[in-house]
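Across the two complexes that follow, chain A remains constant while its partner is chain B and subsequently chain C.
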Partner chain A sequence: MPFNRKPQKFNTAINVVEIGTGDKAIKLGGASVFPFYTFDGPIGNTAKVGVEISDMGLEGEPAGVKAYYEGCTTMAEIAKKAAEMPGADFVSLKLEGGDPNGVNKSVEELIAVVKEVVDAIDAPLVIQGCKNAEKDGELLAKAAEACQGKNVLLMSAKEENYKAVGAAAGLAYNQKVGAESAVDINLAKQLNVVTTQLGVKAESIVMNVGTATVGYGYDYVISTLDRIRAAALTQADKMLQMPIITPVSSETWGVKEATADEADAPAGWGCVEKRGISMEVQTAAADLVSGSDAVILKHPASVAAIAKMIKELS
Partner chain B sequence: MTLFDVVFSGNDTVCGLTEGAINDAIAKYGEDKAVAFPSTAYALPCYYGVTGTKVTNLGELKAALEVVKTLQTRNKRLHDVFMSGVATALEAEFIEALKYIDAEPYNPEVDGCVGHIGDDIVRSLGVPLVTGDIPGVAVILGKAPTADDAVALVKSYQTQGILVTLVGDVIDQLAEKGYKTGVGVRVIPLGKDVTSVVHVVSVAVRAALIFGNVTGGDAAALMKYTFERVPAFVNALGALNPIVVAAGAGAIALGFPVVTNDVETAAAVNIKVPKSLIVQPDVDKFNATSLEARDIKIKITNIDIPVAFASAFEGEIIRKGDMQVEFDGSRVDCLELVQMKDMSEVEDHKIEVIGPDIDEMPVGSKQQIAYVVEVAGKNMQADFEPVFERKFHAYMNCIEGIMHTGQRDMIRVRISKDAFAAGFRAKHIGEVLYAQIKNEFDAVVDRCAVKIYTNPEDCTKMRHEVAVPTFDKRDERLASMTDEAVDVYYSCIMCQAFSPSHVCVVTPERLGLCGAVSWFDAKATNQLDPAGPCQIITKEKCIDERIGEYEDVNEAVRKFSQGALEDVSLYSIMEKPMTSCGCFECICGIEPFTNGVCIANREYTGTTPLGMTFSELASMTGGGVQTPGFMGHGKHFIASKKFMKAEGGVARIVWLPKDLKEQVRDNLNKTAKELYGIDNFVDMIGDETITTDPEELMAILSENGHPALTMDPMM
Partner chain C sequence: MALTGIQIFKMSPKKNCKECGSPTCMAFCMKVAQGAVDISACPHFSADAIAQLSEATAPPMKTIKIGAGENEYSLGGETVLYRHEKTFVNKTRYAATLCSCMDDATIDAKIEAAKVVDYERIGERMFTEALFVNCAEGTDAAKYAEVAKKAAATGRPVILNTTCADCAKAALAEIKAAKPVLNAANAANYAEMNAIATEAGVVLGVSGTSVDELYDTVAALEAAGNKNLVLDVTMDTIKATYEAAVEVRRGAIKNNDRTFGYPSIVNVAKLADGDVALEQALAAAFTMKYGSIVVVSEMDYAMALPVFGLRQNLFTDPQKPMKVAPGIYPLNGADENSICLTTVDFALTYFLVSGELERSGVPVNLIIQDAGGLSVLTSWAAGKLSSTSVSDFMKAEVEPKIANRKLIIPGKVAVLKGDIEAKLPGWEVIVAPLEAVQLVKFLKDMQAAGQC
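Entry: the complex of A and B
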């Protein structure tokens, strides 16, 4: 029997969300077929790659990352260099220094960093919080105010603080809201429902449905991404049609494959940096083929590899 | 005078004043002179919000007044009153705008007033308003009976986090007492003229434009937004004059209730605008009256008790030697009860201790206690009473130094010596119950009060005359609830986090398979958290009554399982049975020899006549997959008339573990009697003390004359 190709095309599409302004602005989403199913129909905007930088500077970064930013001393310089990274579409500033259980920088101090970064680059900016919901509520609201007119994406609006982040970013200052949930389709949907009930337009929301590193309970991530994309397309579920962004590097560079020195690691593991890149690339590639519309990475080699993959597959 | 006369005359006065002021200004400056409020992108925001037109100069302002006049219709209808109110507010905005020509009419340093509030402040206030950190906006205008009353009222709002704006003499009253005001402390004196009230209206309007995506000119959307999303209300203190009443009509049009203490005027004009214009002679009660009228719920973040309150204390055990006093429902009359009351019967946060307090009880003694929580609310239903009541166990145990077991009139509460030494007394039980109920169930509870009885006579009386009849009534209602008696079922997807495609359909006669979610629980969950795990499922389109299949239910299941599940029946184990997650209380599987089913509960570790243990049976189903012949379910479902109704009902049960058998004995016997007229049906059923061998079971069942043997084959 001859193979009869039957396109899986849906009469609906993932929302398109624009981040940034001017020539460098990017659009996420738009697909009306499964990820990279170019043979079935239009895949919408190509997946995007972001480069993560931290308010903590380059401290503790892998050698390859440090080498890339060599000579940069200020956050503005780091941000510019990140924006120029080959393959990068946007910059993501992570405000990890704000964590009350960590360095616990003040909101004012962090907002100064945000301003320095947003003024230094013309690439789109995605801001990640400090992982503490209470602090993020205040921090991200202030960041939304500080970035007026730049159309930034404020990640980390969670169940606990979506009102503060959503109201500031989505309503008061016309930014984009990143709704973050923990690897569960229902929680992701519920957060979108309540965020839209707050008055934030569905078209202003990007989801971060949670992530993990490959091999670390990652099957849950795949299943969640799969099911969300399936519900968005096959059932035209409006409350799951937001594009998805996945922060990859913050997860992958913390696992033992990426941190164990060659001396301590089991025989045959080889160079630690190569392992780190490998974990980052594998995770990002899997996220993208499962439905993520953007990934956030940090190593120049990973960014180059993933950018190439997207180009070849799209 | 009627309300119409008052509002219309107030409106006419303001209109005349406005016209005069505009004409004077034009005479002085000419029509091209600019008119604007400082730091706003919305020109005259109220006028822009209502009409979509941005007024920029005196000529345009004059034209705008003509537009406003068209609102001032004079039919004796409530609509005309509201529109005249809106007109009054717009005219007030014009008068205020004129003040800003070549001048800075307000200066917080000099007269303490702020006047117009800039967009930047609106945006920064908007976020806490949306998040509920500012739970409401109070507009206090006029003059309080005394300066101390003014301070007390403002303070009461301030401690609740409510944003307070002030207009008129009340500003001087606060100044007289040296009370600190300003944007920073969220007590904002707007101005001393009544027209300055428009500056807070302007904030509400801009909130709608900025936060609600309302476009200027869409007056209907604007009013809908302010009504639904801006939790403002007006406290009009002192004598009401027509201008204030007209302005008040404007507030009501935006959805902001007005509370007044001017009993005489209110009575004279026979003002009746339910829920919107409220006469409260007692200024002390303005706070409570206003919050209730505007439906503002204050989150209680700090429970006023001398010991800690946290889930960390939930498992705390208090030994006999450590206890100050014990309330023991097994020996004396004790009870805990939630009672729904009418709004007028409940005074919020009233906690009464009736009888001796803990310090009057001998150390180590057994005492009686009856704590009754009375709740009232617009959306409260008596069906929620037991749902709240069941939470008492957790609430009480979270108190440091308190141990609680049991429920209803079978409770035991121990209070430790340490808690007593820290100052814990009976009223603190009330404080905890009050705070938790108000916080957790704020969607349905508007008022809550607690009565704690410690006298033996009261406790006995409460137990036998109030509590027991209530419990009986509830049980009866639960027993009489049938699937046919309700219009809707509920979905429950609480466990989808680990069982992604499982959906429970919860009906009155079939509770969730975990045993923890009854139809009432699901209903309450839905009302308290409308976007949550329990959603309404209609049951209008019946496909097959025998197996309980509905088109609406199938649609819901498809949706909530993200397409993983196509259709389910509610009453069949063989045809499209309901799926299981993994957390079922019991599992039932078909026993081919006897033509019946065996059930095993989670606690039962032995084997069954199917040759499998609970765990092995459980592995046959679960994960949201339909497995005909196997079904997870709750214990209470066993005695339900809908238990595998399609296959003939409970008569199919041939084997149960002994413990489970005893737990369901009475109810199951009752069901069998009603359905088939069989007496002592449970005695016909096998258990592990009788046999776990299928052939022996067969023999015993025929000896007992078990009905399953003569029923149609299941397969």
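Entry: the complex of A and C
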């Protein structure tokens, strides 16, 4: 008796969300099967890879990242170079300098960076906040205003500030809203529910359901992604059918496997940059097969490898 | 089709004798239905009923053992497709690649390199568990056997990857006692390879050029009486391999197709073909998507640290939180004069807190006490984190070793400050911020103020 295939194809699909404008615009989502199950049915738009840059410039970046951006002195130059990175589909600007517990740059100063970046590139832009919900509420709302007509995605709309971010990005300036929750399917759904109640269209929401580095509580990430994708497809849960974007590099380059210099690390660990790339690549690969529609990376080697994996699997 | 507890209960003796360890027959049948206990635990089921039930209650995926002695590993035996549905049971094992095409010096170097990665992470030993021995086209059987022997001398299970019958025989003659896998059968040669594997008493690896061909070959081998198999799902392309890995596991577990109820091998070294970062990506992807053995070209720390961390997370039982061992963890070069900071033993909390502490660069003694593997608020609510538990632990374990008398407690249990101070004379208790991310600034400020 030959093998009896039983495809898991569903009569529903992940929402399609477009980011950016013109030829370089990208679409996230659209799958009506589990991640990369091309043999079951249409996987929709292929998963996308973003390149993360920071308002803090290249300070503290790994050598390979610095080398890639060599000669770039302004944020506009860095952004352009990021958009050209082989394998990159979009650019993600992280406004980490705004953190009140860190450098605490003013909102005006950061908005100037946002303008510089968004004007410099044709590629779609995804803006990440500074991790402080209160400041992000103001910062991201202003960023939405500054990027009018560019159809950018503003991440970091959390439970605490979704009203400010959602109203500005989703309602006033017609941008896309990134709903960020902390590795829990119920929190993710709740945030989508209240954001849509605010008047933001479900088709304008992308979820960041939380992220971790492999080995660091990543079990919760796996199960959250698995369960969200299962609910979206098998139960056609409209409030969980938003595409998922996962910032990877901001987590993976902070753990000791990626930061301990060869001299300080345990014997045999070898070159720190190679370890960092592997942490980034493996976390991204795991995110993608669990249901992320986009990942945000930063090392050119990681971007190339993940773009290739996506191409091979799609 | 799996039976429900009620269906099994109808056939049970209904004696409630408790000999199986369950309080009632009903409870026992429920456990059997879930696969938690084997039906043979009940001495009173009639032979008839057992025969009827054993087929229906047999696990959908066989557990196959490879290797010998302390290096024997169980593969497969999974009952779910996603970890949240229950738990994964037999973790993915990793094999480094050797080839008969390499010269002796290279082989020796590769074997030594495979031993380099060996460390412990949250109570689990992480190392290259197996060796995968490729057989180059036209290899002399004696040469192949020699490489196999060298690989087996490491004590690790060996996977003999050859389609040459003479090479297989020669290698097995040397190392069959170590219970290697003979990854050799395909649609063309399965009858011959089946005889060789069966005679040597080893697991036979089966491959195919498509999912359907693989299925037919496994069916033919089962018909020939061999159910001691692993399935090499590696195909020509990454896409086809992903399809095969998913179809095999899903066929077995979701669709109860026992022909695919075997563990799988995924050779990511072959798929990546020298692209190091792509190989790392694929190792992670196929750890997630159903590789029982993942073959890498070599296991260095860059590959190992993330992939073993991923595996540890993936195979954690969702019902049992991961815990770190209680004790004093000196960070950033802390010594007996450095400030103390305490939190719970829940692995996620530990990693978050220790990560932020390391980032601060301030020398700190991180004190982990037994809180039942729960998070700060949960363990406090459950009474496992209390002023008494903290003060007892500090007195017994910390006071004899640490001279500093400042203790930082989690911001979420600020309410404990007074009680702890009362129970720990001589200590100054400081309340940390609510969130771990705020620790960096908090500690740096303390350092700047000369408080630690």
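In this text, the second predicted complex is superposed on the first by the 312 of 314 C-alpha atoms of A that agree within 3 Å, B and C clash if a C-alpha of one lies under 4 Å from a C-alpha of the other, contacts with A are read in each partner's own complex, and residues count from 1 in each chain.
In the analysis below, a residue touches a chain if its C-beta (ideal position, glycine included) is under 8 Å from a C-beta of that chain, and two chains touch if they have at least 3 such contacts.
Being a predicted model, the structure only gives us computed values, none of them experimental.
Peer 1: Classify the contacts of A:145 with the two partner chains as first (chain B alone), second (chain C alone), both, or neither.
Peer 2: After superposing on A, A:145 lies in contact with chain B but is clear of chain C.
Peer 1: For A:289, decide between first (touching chain B), second (touching chain C), both and neither.
Peer 2: Second partner only.
Peer 1: I'd like to know which partner A:256 touches here: chain B for first, chain C for second, both or neither.
Peer 2: A:256 sits against chain C, while chain B stays out of touch.
Peer 1: When the two structures are overlaid on chain A, which partner does A:227 contact: first (chain B), second (chain C), both, or neither?
Peer 2: both
Peer 1: Touch test for A:163: chain B only (first), chain C only (second), both, or neither?
Peer 2: A:163 contacts chain B only, not chain C.
Peer 1: Report for A:154: first if it touches chain B alone, second if chain C alone, otherwise both or neither.
Peer 2: neither
Peer 1: With the two complexes superposed on chain A, say which partner A:199 touches: chain B (first), chain C (second), both, or neither.
Peer 2: first
Peer 1: After the superposition on A, what does A:184 contact: first (chain B), second (chain C), both or neither?
Peer 2: In the superposition, A:184 touches chain B alone.
Peer 1: In the superposed model, which partner reaches more residues of chain A, chain B or chain C?
Peer 2: Between chain B and chain C, C touches the greater number of residues in chain A.
Peer 1: Which partner does A:88 reach: the first (chain B), the second (chain C), both, or neither?
Peer 2: A:88: touches no partner chain.
Peer 1: If I apply the document's touch criterion, which positions on chain A are contacted by chain B in one structure and by chain C in the other?
Peer 2: After superposing on chain A, chain A residues 223, 227, 230 contact both chain B and chain C.
Peer 1: Chain C touches which residues of chain A in the complex?
Peer 2: 1-6, 8, 36-39, 101-102, 131, 213-220, 222-223, 226-227, 230, 254-257, 266, 268-271, 274-275, 277-279, 281-286, 288-290, 301-302, 304-306, 308-309, 312-314
Peer 1: Residue numbers of chain C touching chain A in their complex, please.
Peer 2: 82-84, 116-117, 119, 121, 211-212, 215-216, 219, 237-239, 242-243, 246-247, 250-251, 254-255, 257, 259-260, 275, 277-278, 280-285, 287-289, 300-303, 305-310, 312-314, 316, 318, 322, 347-348, 351-352, 355, 358-359, 437-438, 440-441
Peer 1: Give the list of chain B residues in touch with chain A in this complex.
Peer 2: The touching residues are 123-124, 126-127, 130-133, 210-213, 229, 493, 496-497, 500, 531-533, 559, 562-563.
Peer 1: Per the contact definition, I'd like the list of chain A residues that touch chain B in the complex.
Peer 2: Within the complex, chain A contacts chain B at residues 137, 141, 145, 163-164, 166-168, 171-173, 184-187, 190, 193-194, 197-199, 201, 223, 227, 230-231, 234-235.
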